Amino acid sequence: MNARRLADLMPPLAFGLAWLALWEAGLRLLHVPVIILPPPSVIAMRFTTSIPTLAADFWQTIKGVLVGYAIGCVSGLLVAVLVDRSQFLERGLLPLGNLVSALPIVGIAPIMVMWFGFDWQSKAAVGVLMTFFPMLVNTVVGLWSAGAMERDLMKTYGASYRQTLFALRLPAALPFVFNALKINTTLAMIGAIVAEFFGTPIVGMGFRISTEVGHLGIDMVWATVVVAAVTGSLFYALVAGVERRVTFWHASYRARGA
Amino acid sequence: MKSAVPIATVILAILAAWYVAAALMNAPLQRDLYANAGRTDYSTQDLIVDSLNMERPKLPGPHQVVGELWRLVFATAPTSKRSLVYHGLITLEETLIGFLIGAGLGIGLAVLIVAVRWLERSLMPWIVASQMVPIIALAPMIVVILYQFDITGVAPKAAIAAYLSFFPITVGMVKGFRSPDPLQLDLMRTYSATPLQTFLKLRAPASAPFFFASMKIGAAAAVVGAVVAEVTKSEDGGLGARLLAGSYYGQTVQIWAALFAAAALSAALVGIIGLIGRAAEQRMGFIP
Amino acid sequence: MGVASTPSPVRDDVGKAPLNEVAIDIIGLSLRFDTRDGPVQALSNINLKVARGEFVSFIGPSGCGKTTLLRAVADLETPTSGAIRVNGMSPHEARAKRAYGYVFQAPALYPWRTVASNIALPLEIMGFDKTEREARVKKGLDLVNLGGFGNKFPWQLSGGMQQRASIARALSFDPDLLLMDEPFGALDEIVRDMLNQQLLTLWEVTGKTVLFVTHSIPEAVFLSTHILVMSPRPGRIFDVIECNFPRDRQLEFRETPEFMAIANRVRHGLRQGHSYDG
């Protein structure tokens, strides 16, 4: 199993390394000015000399990301379970939830900054709004994904609504819930960073990007972007790892030859 | 149709809650305004009505937002720098150009990935991983870099819009081109069909539902890209620029109006694609 | 063949009828579905009495209402007119009192639970305590020859084994009545034969009342004390055939003349009641 995973990683790693090498060589050969596009070596250097700043920026932004993510996902889940009782409410909320996911919710950022101030709380607020609706929609759909036969089975046991919810419909909804949890990692990060474009104390990844862009410190911008990318990937991988443990029984995992 | 009543009920409930929230949130500010004007003889009704009609409220009432929208769309000349039509068209232009480029790139990349097997194993993981990167972090940088090359105005924003929309389209279309049943692919092989024939006669039509679904996501992403890019470089106008201006000058109602305009733009684009998609899918037999 | 000979303690809120009474009484049952293409008379004036301990098969072409009839007894469908009494109660009360176990066409095991945990599902819902549950699960696994597979997940088992697990689940809370809707339809013939033999033995040992829906003539004739031949449009009972076959019969019995005679009668009834106009 481990050898196979290593073999799976080879092609993308090779591709990535090749791309980096090309980037470095191409820029140096063409003498492209560093303020336009720095080669990877310059970015790496900038990275190592700016660790305190990058760490402080990371800490500031991640507070908003995690709190927003947690509140948004939990409230989305709870509201979905509450709404599940009423078909009327569901028919009203679901289309609206779908509509909202088509809107640039990110635009709510200046309003949140106005209400919650410059610090990380406004970034969390944006995160809550961005993660709430995907969670709500996915959980509602997931609760209804349990098969008719499985539901009839519960009926033949004379099971109550609560028993059916906990023994059947919530477990059946888990794959959908995790789908939303994964999407929401990216949404929470985008929300926090963009919100920082609209106002922040002098620290934070979004702040760093917008100010360094103003000073044309593009190598610092790239260094921050690397931090953001690694953070995002780790966050996503963490959630995907939990998903694998919890929904091991789902068909999508079995298909890989369990 | 049976969803109409529930949806209407929920919307009305939201509006009612909005009004209550606005009155509650603005009341303290309104009380301060009264105090500054030396007025002490106001009734609760006065307080409520005035709270819902403040010039710089914490939360504008729905009627204020609608009123401002109306004013900036219909009562202002479309050529004026205050008109939401003016800025909306700028954003629309950036969105459409970016979306078309992004769609072209996305579909093209998807075709390549499906056609060339080694490309998938080396490229797809990066494409999937890139979804985890907050791409929006790159927006300011791209805009500035392009400025160095004297690429200004609509183009940098369109570039960001293209960049944001092309990833979901690529992923969606790869899924779509791969969606035919293995049995159907085998059938093509028994006809000795060339890869091009298999693509045109099987993979492409089969991908129709995925096409429209990813177009909708791509369009919404393009709007977000254009708006955020405008926030970065607001001299050239656009709805994002209005958002920024409103937040600089504390013009709450202006922020809300710009936000609603952007939302309306996104909803309209997604809605149109949805309608076209439904009609196409019905004709192709995907929907009974 | 692992078979328990001592009866396990019975919960007294599980609805049971006294011995030799009528387990199921159906009077003038009619059921109409309103579909997009107009009303469909799924069942028309069904009259039926099933005594305790009988094995009754319903056989007929698609659309004859056999599954609908079973579901009506289970309170999963509501009759348009007529009455059903299960153990002297209405189907709704019988369901609330957990009077029957239902086996579907597919195993319908929950993939996130082990086999043992799946068999325990009704016991958890009905509030049995932990020791009781464990005892019953073990007994159930042995009864269907799945001892040792309790820790596996459903998708690690073959189709036949999964269906046996679902039968064990239906029996775990010891209902009087077993309702089975084409339980072996999706399995291959060898497995099917084996499960037929096992089901027959299980029935003989436990003395349950069984309502069994099937498409297969040999299956119906082999297993039943009574066979109801149904015909469609509207769904009704065409013929009732009584079988007094020897107990402890084995699969070889299917080659005897008595078996063939009944099978022919069933076939004849099906042909007569069947219409081919689609």
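Chains: A, B and C, in written order; residue numbering restarts at 1 for each.
Please note the rule applied: a contact is a pair of C-beta atoms (placed from the backbone, for glycine too) under 8 Å apart; a residue touches a chain by one contact, two chains touch by 3 or more.
Computed from a predicted model, the values in this text were never measured in an experiment.
Touching chain B and chain C at once are the following chains: A.
Remark: among chain pairs A-B and A-C, A-B carries the greater number of C-beta contacts.
Nearest to the overall CA centre, using the mean of each chain's CA atoms, is chain A.
Each chain gets a centre from the mean of its Cα atoms; for chain B and chain C, those two points are 55 Å apart.
As a whole-number value, the distance joining the C-alpha centres of chain A and chain B reads 18 Å.
Note: centroid distance chain A to chain C, computed from Cα atoms, is 49 Å.
Within the complex formed with chain A, the chain B residues making contact are 2-3, 6-11, 58, 118, 121-126, 129, 131-138, 140-141, 143-145, 148-149, 216, 220, 223-224, 227-228, 231-232, 240, 243-244, 246-247, 250, 252, 255-256, 258-259, 262-263, 266-267, 270.
Across the complex, chain A meets chain B through its residues 8, 11-12, 14-16, 35-37, 88-93, 95-96, 99, 101-104, 106-108, 110-111, 113-115, 185-186, 189-190, 193-194, 197-199, 205-206, 209-210, 213, 216, 218, 221-222, 224-225, 228-229, 232-233, 235-236. Residues 74-76, 95-98, 100-102, 104-106, 108, 110-112, 121-122, 124-126, 153, 155 of chain C touch chain A in their complex.
Interface residues of chain A, counted against chain C in their complex, comprise 147, 149-150, 152-159, 163, 167-168, 171, 174, 247, 249-250, 254.
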